[in-house]
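Below you will find the structure I want to go over with you.
Naming follows writing order (A, B, C and D), and every chain is counted from residue 1.
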Amino acid sequence: MAPRIGLKSLEKRRTLIDGVRSNLHVLAIGVKYFVNPRRMTLVYPKEYPRLSEGYRGFIILEKKKCISCAACARICPSAAMKMIRVMEPDPKHPEKPRMKQYPVINYQRCIFCGYCVDVCPTEALYHVNYHDVVYDNLAEMFWDLDTFQKEPEYKTALEGRPVRIMVHEELGLIKVPVGEGG
Amino acid sequence: MSGAELVEGPRDYEATLKAARARAESALREAGISFSVEEGKGFVDLVVDVDSIVKAAEALKNAGFTHVVSVTAVDYPKKKSIKVAYHVTSYLDPEIVGGIVGLAVYLPREAPEMPSLSGVWVSAEFMEREVYEFFGVTFKGHPDLRPLLLIPELAEKRPLRKDFVVREESIYEGVPERVRRG
Amino acid sequence: MSGEVRVYGGWRDDLGLKVIPTRRLARDVYEVFIGPQHPGSGHMRIIIRVDGDVIVEADPDIGYVHRTMEKLGEIRGWIKPIPLFERMAIHDACNITLPYVRAVEKLMGVEAPLRAKYLRVLLCEINRIAAHLYGFAIFGVFLGHSTMYMWAMGDREVFIQLAEELTGARLTHSYPIPGGVRRDIPQGFPDMARRAVKYMRKRLEEYRKIFLDNPVIRSRLEDVGVIPKRLAAELGIVGPNARGSGIQYDVRIIEPYEVYDELDFEVPVYTEGDALARTYVRVEEIRQSLRIIEQVVEWLEKKPREPIVDESIYKKYPPLHKKILESQGRAKLLPWMATMKVPAGRAIGRGETGRGEIIYYVESDGGMNPYRVRIVTPSARNAIAFKYALPGHRVMDLPAIYGSLDYFPPEADR
Amino acid sequence: MSLAEVAAAIIGWPPVWQVLVIGFLGSLVIAVLAVWFERKAAARVQRRLGPYWASPRLGGLLHLIADMVRYAFQYPIIPRTVDLIPFLAAPIAGMVIALLPLAVVPFTSNPAYWPLPPSAMEYSLLIALAIVTLPPIFIIAAGWASNNPFAVIGGVREAFIIVAYELIAILGFLGAAASTGTFNLVAIVEAQGGIMWLAILNPLAFLAAFIAIVMSTSAFPFEIPESEPEVVAGPFTEYSGLLYALNMGGAYMRRFALSIILALTFLGGWYPLVPGEGLLMGYILPSVVVVVKAVIVVLAISFLRAVYGRYRLDQALDLAWKILLPMALAGIALGLFEASIGLT
């Protein structure tokens, strides 16, 4: 059980008969797929893939878990995650507002590497399993703190039909329709 | 050389590196070139004088080092020098195949100049052009010394020298007013 | 006209190798700019000078997608460059970042646990197949074979799907981190991988029929763009291109990293050195990668789960992190990683990507940022092959040679 | 005689009718069909959907019409450096002349609907072949007038290809003439009768002629002058908008015209239908049969795109001169032999 070098050489140039035969092979395989195409196409957005739970899509903040450590902003490779300071009431002393910092995210820059989610010590950030969301303008893509706490509306789901993409032994990829919420 | 001598199975890189280093050192000694050794993890640099580098390169080439894998330049502003290392290795010699040995010189930071080794190792040609544009090292005798990746105006700035500073944004910067208000 | 000797063909064994200088030929040759906005060039330009239909001289002019990787690598700490570097060859993301991670590991003195090594190899081989299929797709388009393009791109999707299940991202996995990997295999992954392997084996047979044995394609590739063994060694070309020329070199064998020395596979070497041989090397490599995936998946399935990060990192994990690693198979990062310091030193990390050997020279001065990251990508080393392989061929051979070298501009330009 | 009658008489005159209606309108419809089929067939082989969104219910059939509308409204950019008159004239003339062979081929055995007088009909095959050789000149002219390296290289390639395929096409079709001993297309069709198609009797000449058609219309695997990876769009690199569409349409029309000649000479023409009296039985139905056969040939050529790559120029020429030319000559010999033993 060890890797090794395998010296090989090409088959020699063949005769005319071989040429005719391989031409026939070519045509036969073309006709084979012409008759039975075994398509892989996903007719997006009529159908859209329901991605797996571990998919690294949009990142959402659960604010009450956040401990303001700024680790997410520090590890962000594309400087998409930023910290802002907000005044908010202190649960212990409701009369005295306190200064706290929270992350906000700029989806113009985010590369969905998921470092922030993985670095968060309290799991205050999580991924949703979609990322095909459209914006009217770039400014909107800089989420403020409120937007960061809500999962964005998944408009594709309104008009499309979800399918789950599976690996198939004969056909490569197949689409299996899933019911709503399934 | 026959096929049996060549690489067949997995190899011990440390042994290869040791052999390559011994080969290179003896080649330089035979050529009567003095050198000092700088250790690294996975390679070794042999530092020679700029006047003897062509002779050293020829000696290494004759010792079986077929090609350059990297012309690595590092800027040391504190030492006022730029180190240019030709990391070379061999494809054809089974004893030292893959072992990386560096042939390095220290050049003054002001007007660094050294003879081109692309006459010895053809594979250095494009990499020398790269060092030229990023560090401003002039290679005398290079067949075609012009910037490779950059446009000439940008190459004038010698972007990989340490005095070309690229500043990273802090984690509080770049948040628009709308978002900062929370 | 001028008394210059015209050089037809970059190399003949009896002439010995000499540097071909550019920009010095006679004026009566026709100059054609292939690229950068050109269907057959990608983001690069090849300035060819043709005499009749024969290329006299080729001057690869690269750099159109240079993204200052080396400079940015110096300012972003040690872990942030990983997602950056994978953008050099986005469909080969794990292969191209792993050597950097290994170089950093060498400097830090940490080592990934065995399970993480297997996981790295798994993703590397998935990436290798995807990268080769991508190469085939582009090659197909170059030769006017649109079916090859669509098939290879479609089948690549299978392996992207595998990678997505494993890492959570289609292409930019950012999977290896110093000391381990980020995720363990999800439920049902081994079966999925086995199905994909079976499927791909069948498809390779069909590829052979419609593409490799297609008389049209065969005649386009045979004896075209021959790079003899000695020239290959002198030019220092890497990967399948070198192995197509009979160079017995593969980093997985020369410096077996991760667990490659424990796996059973073959590194195909063809001696012909023409475009067809380079293509066959890739086909064989896909086959061998499928074998590796099978072995790795079996190992991962059989062996009990263990932490997928280095002991030194794992023992600093708070209970929450350990719970997540056990329940979701997700290895959390620790906050200090963003600003960690790496002991001073110099290391070279290398690995075999789909296109060949990649080398990272990483130097640390003990600070929070790398002092220098020098990256030599396989395509950057293969670029010089254009200069020597093209002359002497017909203009119509240009796409065949370009495609067979599997040159990928974003990777070369860094 | 009213104006309408005059117009009807002009259009009803077989040469005009054949060029304008069967040729131009017919080939427009057929181009829509053929392009759709080409895309759809390639898509099926390539495991994808192909044209779809332009008309989902028709399976994307109207995609080419959408394309043509786009071409029609695209701003045609004419570079300053071109030679203006040839640049503009070449695509138009090329397309018109591509259809001209249809003015001389018969679609029926009923002499009332022949486009040529019976005496000229004796040489109809030769006349058709003579006209067929004209359009490539305009492709070369287009390339030359464009004054662009890619266009010039494309034009030169076209010139090489012409020399190779023209001879083979003519010799291939002459194989049919040799078999039947006449240049009269009507007589050739009649000689084939119901099932004695020359494609079966003389497969060598048929194959040579078929491949020559593939070559002449730059279909795969001989799409060399317009080979995208090296020469962008070959002679048509500088064309845009409607002019580009004319160029592309010209190639389809030439393919269609040549396929009609092939259908007549090798595929039994209007048989199994025997033309009778009257407009319907004597002319329209037989011509529909011929056109259907030609369309099948066009579609078969389109299918090749899905499975073949592109030959190199010198390899295509090699194939033409070393294999197809002897094959076409052998086809003539076979035809003469068959004629001498009275097989046809």
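Going forward, a residue touches a chain if its C-beta (ideal position, glycine included) is under 8 Å from a C-beta of that chain, and two chains touch if they have at least 3 such contacts.
Keep in mind it's a predicted model, so treat the numbers as computed, not measured.
Shared contact partners of chain B and chain D, listed by label: A, C. Chain pairs B-C and C-D differ in how many C-beta pairs they share in contact, with the greater number at B-C. The greatest centre-to-centre gap from chain B, using C-alpha centroids, is found for D.
Averaging Cα coordinates per chain and for the whole protein, the chain whose average falls nearest the overall one is C. With centres taken as mean Cα positions, chain C sits 21 Å from chain B.
Centroids built from CA atoms put chain D at 46 Å from chain C.
Between the Cα centres of chain A and chain C there is a gap of 23 Å. Averaged Cα coordinates give chain A a centre that lies 39 Å from the centre of chain B. Contact with two or more other chains is made by residues 45-48, 306-308 of chain D.
Contact of a single residue of chain A with at least two other chains is seen at positions 2-5, 7, 26, 29-30, 40, 74, 76. Across the assembly, chain C contributes 76, 147, 154, 210, 214, 248, 252-253, 256, 260-261 as residues in contact with two or more other chains. All chain pairs that count as touching, in label order, are A-B, A-C, A-D, B-C, C-D. Against chain D, in their complex, chain A makes its touches with residues 26-27, 29-30, 33-34, 37-41, 43.
Interface residues of chain D facing chain C in the complex, by the touch rule stated above, are 42, 45-48, 149-150, 153, 220-221, 223-224, 227-232, 305-315.
On the side of chain A, the complex with chain B involves touching residues 2-5, 7, 70, 73-74, 76, 79, 81-84, 86, 102, 104, 106, 139, 142-145. Residues of chain B touching chain A in their complex: 3, 6-10, 168-169, 171-176, 178-182.
Across the complex, chain C is touched by residues 6-7, 9-11, 13, 16, 38, 40-43, 66-70, 72-75, 87, 90-92, 97-98, 100, 118-119, 121-123, 125-127, 134, 143-144, 147-150, 159-160, 164, 166-168 of chain B.
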